[in-house]
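In what comes next, chain A is part of two complexes: it sits with chain B in the first one and with chain C in the second one.
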Partner chain A sequence: MDLFLQTLVNGILIGGILICLTIGFQLTFGVLHVIDFAVGGWTMLGGYTAYWLVTLAGIDPFISIFLVFALFLLIGRGLGPLIYHVRTSRYARPDLMALAFTFGIFLFMRGGALWLWSYNSRSVDSVLSGQFLSLGPVTIPLMRLSAFLLAMLFSLGLFILLYRSRFGMAVRALAQNHDHAGLMGVDVKRVSAWVYGIYTALTASAGVLIATIYSVNPSVGIRYTLFAFFVAVLAGLGSVGGVLVAGLALGLLEAYVATYIGARYSLLIVFGTLYLVLLVAPKGVLGRGI
Partner chain B sequence: MSNELRVDNLVTGYGKQEIVHDITVSAPPGQITCIFGPNGSGKSTVIKAIAGLLPAWSGRITLGGTEITGLPVHTMVSKGIVMMPQGGGVFPRFTVMENLRMGGYALNNKQLIEERIESLIADYPNLQRRRNTPAGSLSGGEQMMVAIARALVTDPAFVMLDEPSAGLSPALVHETMERVVGLKERGVGVIMVEQNIREALPVADSVYIFAGGKRKFAGTQEDIRDDNHLMSIYMGGT
Partner chain C sequence: MASKPVLTPKLIVRALLIGAVVIALTVLPAFIDSYTLRIATGALMWAGLACAWNIVGGYAGYISFGHSAFFGIGAYTTAILMQSNIGASFFVTLLPAIILSIAVAVAIGGPTMRLRGAYFAIATWAFAEMLLQLATVLDFTGGTAGLSLPAYLNEFFFYYTMLIASAASFIGVWLLIERSRFGFRIKALRDDEPAAESLGIRTNLVKVQSFALSAAITALFGSIYAYWTTYIDPYSVMGPEITDQMVVMVLLGGLGTVWGPALGGVLLWITNRYIWSTFGDTVIYLPILGVIIALVVLFLPNGLISLIVGRQRGKELISRILGKL
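Let's look at the complex of A and B:
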């Protein structure tokens, strides 16, 4: 029973981070209709940025995460118009072109990281490393708890932005129809570019948390791209609310598989589950829409 | 007239295909200008070009003498031109109120938007009752009413309607035309693209008929003598 409870807590804590990892990806799909293959790449780069900030400047990852957020917000905002251009090109199948384009970005990131920083895994140290909180039978690493809370803070921030601001209203209108939003006075290109920036910022921030809990090396990207795909598809592509349910589900599933079956089976069982869920509910758990 | 919306010698189309060949239209302020024509005659294409949804290949579009050719779509609302796409273009996942607020997006003044919405919605008892219903679950006619009310939130000089009668029952077409006259009574200039000549002609102050991307007729409803005359214009005569 204790093990069961401990696993439940572990699963929820990781689930929160997976929500932060996927929520921006999902927003980008809902608004720009781009499936960004580079999602894991942004996660990896966020982790490396935190590593260098703590190694060179001594900034704790729980502080530097805000710097990473700001930095990647600007990077994504800068790259956004290019993504928008590829996605709205008049040539055949711009949806596939965008997928190929982001896959290219992903390979570039992975190759660049290998070249610059070699294959070694780097761990990101924090003052919270090795500290625990005991609640009855359950032991909670303070780092995971803080990471969970920060991930929730970022995700909540996104919801507030989406549902309580003028910008958020424009984003939600855009997710329904680009032309109609434009006719209402929404600068579609500009808002799309900011959406891409928000996505890269959220994803890189999730990368900081992931790198702090585990570690980071140039090939972690593909794993998190797969996880983001899993959560997004389970949630229903484009559904931001569904990510909350699907992220927790993946976190719990992974935790229980790791505890009771073995960590090496986790991807097999995770994607087997996705396959079965899609057979039953092809539109995802909450259906479409922001 | 000084504040008219003018299109001079417009050439445009989709992709590489030219649809509109050298068309000139002028819409006086505060009046209803109707553009009729069969499918593919370029009538919707012209108002899409005015709205900035399509680029003008050549020609000039002016509002009150100021050139607005090639301006991006999102700047049109603040110039005083609102376009209602076919079907109304409401946001299905937004409630009626959210749709109306979206209509005031360009104003960027919460209080002003809410005041305008309250005074507009008073004219629409059906919408009044369904404020918090997602627009996607309203009937086609109700969506059209949301779209018309929404077009007025910024108090525009011109509203352009792309086939407002499409897909509506005859009774609703009639109501929609009454609302269009209501726009004119508020002092709003209207450009309406329509296929339903029978319902739309009686409300028109000036009439254009397009066929094959060319202007075949320009005048007032009195200039159209009878159905045979109309038919002959449609079929490519003069």
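Let's look at the complex of A and C:
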């Protein structure tokens, strides 16, 4: 029973970070109609940025995460217009071209990271490493708890932005209909670019938290792209609210598989489940809408 | 009523050109050393793989990120059947490899190709990753340690096997897609699926057929590759790099064209080997692939082949690029 409770807590804590990882991805799909293959790439780059910030400048990842957020907000804002351009171009299949384009970006990130930093895993140290909080039978690493809380803070911030600001209203209008939003005076191109920026910033921040809890190497990107896909598909592509449930579901699934079946099967079972969900309920288990 | 002339000058030129290429490829091994021969064998393989991917990605308009799974199925079938406890000969293993890959393609293609583009891409990718993980945990695949095959060190044999397989793939695709009703169906469903369906095309059937054909060719090359390299492990035959290369080769050469994949495959493979011999490894090759995809999507969506034949000539391309700056 203790093991069961401990696994439950671990699953929820990781699930919170997966929410932060996927929520921006969903927003991008809802607004730009782009499936971004590079989502794991942004996660990885966020982790590496935190690694270099703590190694070279000694900035703790729980502080540098805000720097990472700002940095990737600008990078994403810069890249956004290109994505928008490809998605709205007059190719035969702009959706597939956009998919191929982000696939290229992802390949560039993964290959570039391999080239620059080799296959080695790097761990990101924090002052919170190795500290624990005991709650009855359950032991909670302080780092995971803080990471969870930060991830929730970022996700909550996105919801406040979406539902309590003029910019958020413009984003929601875009998600409903590009043409109508444009006619109502929304600068479609600019808002889309900022949405892409917010997405990369959120995903890179989640990457900092993941790198702090585990470690980071160039091939983690593929894993987290698939995790993001999993959560997104379970929630229904484009559904931001559904991510809250689906992220926790994946966190719990992975934790229980790792505890009771064996860690080396966890990826296999996660991918198998994703595949089954796609077949049984391709529109998502939880409905859609922003 | 004037009948269509059988031999137009254009056709004669084309036939002469193809004949010249065939003869050149046949006599090539006599003039090059064994190192270059290996590169040529690899180039033939990648051209064939790109051709296979193009059937689904280019003609049917369904981007598959899971073709490494079929390459791996072919490689592992051959490797497992050629282990000393079974001891099948190489050519005998080709048939089960192809049948298995078709069975898997039908089993996963049937349900997933009902999903539209993006979902299909995700589903195939998840499937390929799942198979990769499976190969690392199962016993009869040798796990992460991989499998060794009986070595057959005859480079000429592999060159000609790859040549025949590759030529058969291209001729088969040309006949099936450019010269038959199947080709019209598959292109119709790419361009407008509901419209194709309303004309009585059974789109789900056509999609699965094209996916199975593509998978079978990919598995065939996987089998030959396994015998050629004599050692396989999960990442060398099912790793994401295999799919990555196939996608980029087709995009670079030209989506949905017969000869584009050949052009893209040969060019990129030579680039790959050149980088390998210059830098000692191919790590820098991956970011280059990424940049190529992004540039092709932005500036050359119809691929390199469109510069040689078709609407988009080089001059126009340059003005397009300048117009965007």
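Following the convention adopted for this analysis, the second predicted complex is superposed on the first by the 282 of 290 C-alpha atoms of A that agree within 3 Å, B and C clash if a C-alpha of one lies under 4 Å from a C-alpha of the other, contacts with A are read in each partner's own complex, and residues count from 1 in each chain.
The rule is short, and it goes like this: a residue touches a chain if its C-beta (ideal position, glycine included) is under 8 Å from a C-beta of that chain, and two chains touch if they have at least 3 such contacts.
Given the structure is predicted, the values throughout are model-derived calculations rather than measurements.
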Clash or fit (per the criteria above) of chain B with chain C on chain A: fit
Touching partner for A:Val9 - first (chain B), second (chain C), both, neither: neither
Partner chain(s) touched by A:Tyr275 [first = chain B, second = chain C, both, neither]: second
Residue contacts on chain A - larger count, chain B or chain C: C
First (chain B), second (chain C), both or neither touched by A:Leu226: second
Partner chain in contact with A:Leu237 - chain B first, chain C second, else both or neither: second
Following superposition on chain A: angle at chain A, chain B versus chain C, Cα, nearest 10°: 90
Chain B versus chain C as contact partner of A:Ile105, first or second or both or neither: second
Nearest Cα pair across chain B and chain C, whole Å: 15
Chain B to chain A touching residues, read off their complex: 15, 51-53, 72-78, 82-83, 85, 89-94, 98, 101-103, 105-106, 108, 154
Touching residues on chain A, where the partner in the complex is chain B: 90, 166, 169-170, 172-173, 176-177, 179-188, 289-290
Chain A - residues contacting chain C, complex: 35, 82, 85-86, 89, 91-93, 95-97, 99-101, 103-112, 114-115, 222, 226, 229-230, 233, 237, 264-265, 267-268, 271-272, 274-275, 278-279, 282
Complex contacts: residues of chain C adjacent to chain A: 61, 63, 65, 111-112, 114-115, 117-119, 121-123, 125-127, 129-130, 133-134, 136-137, 191, 240, 244, 247-248, 251, 283-294, 297-298, 301
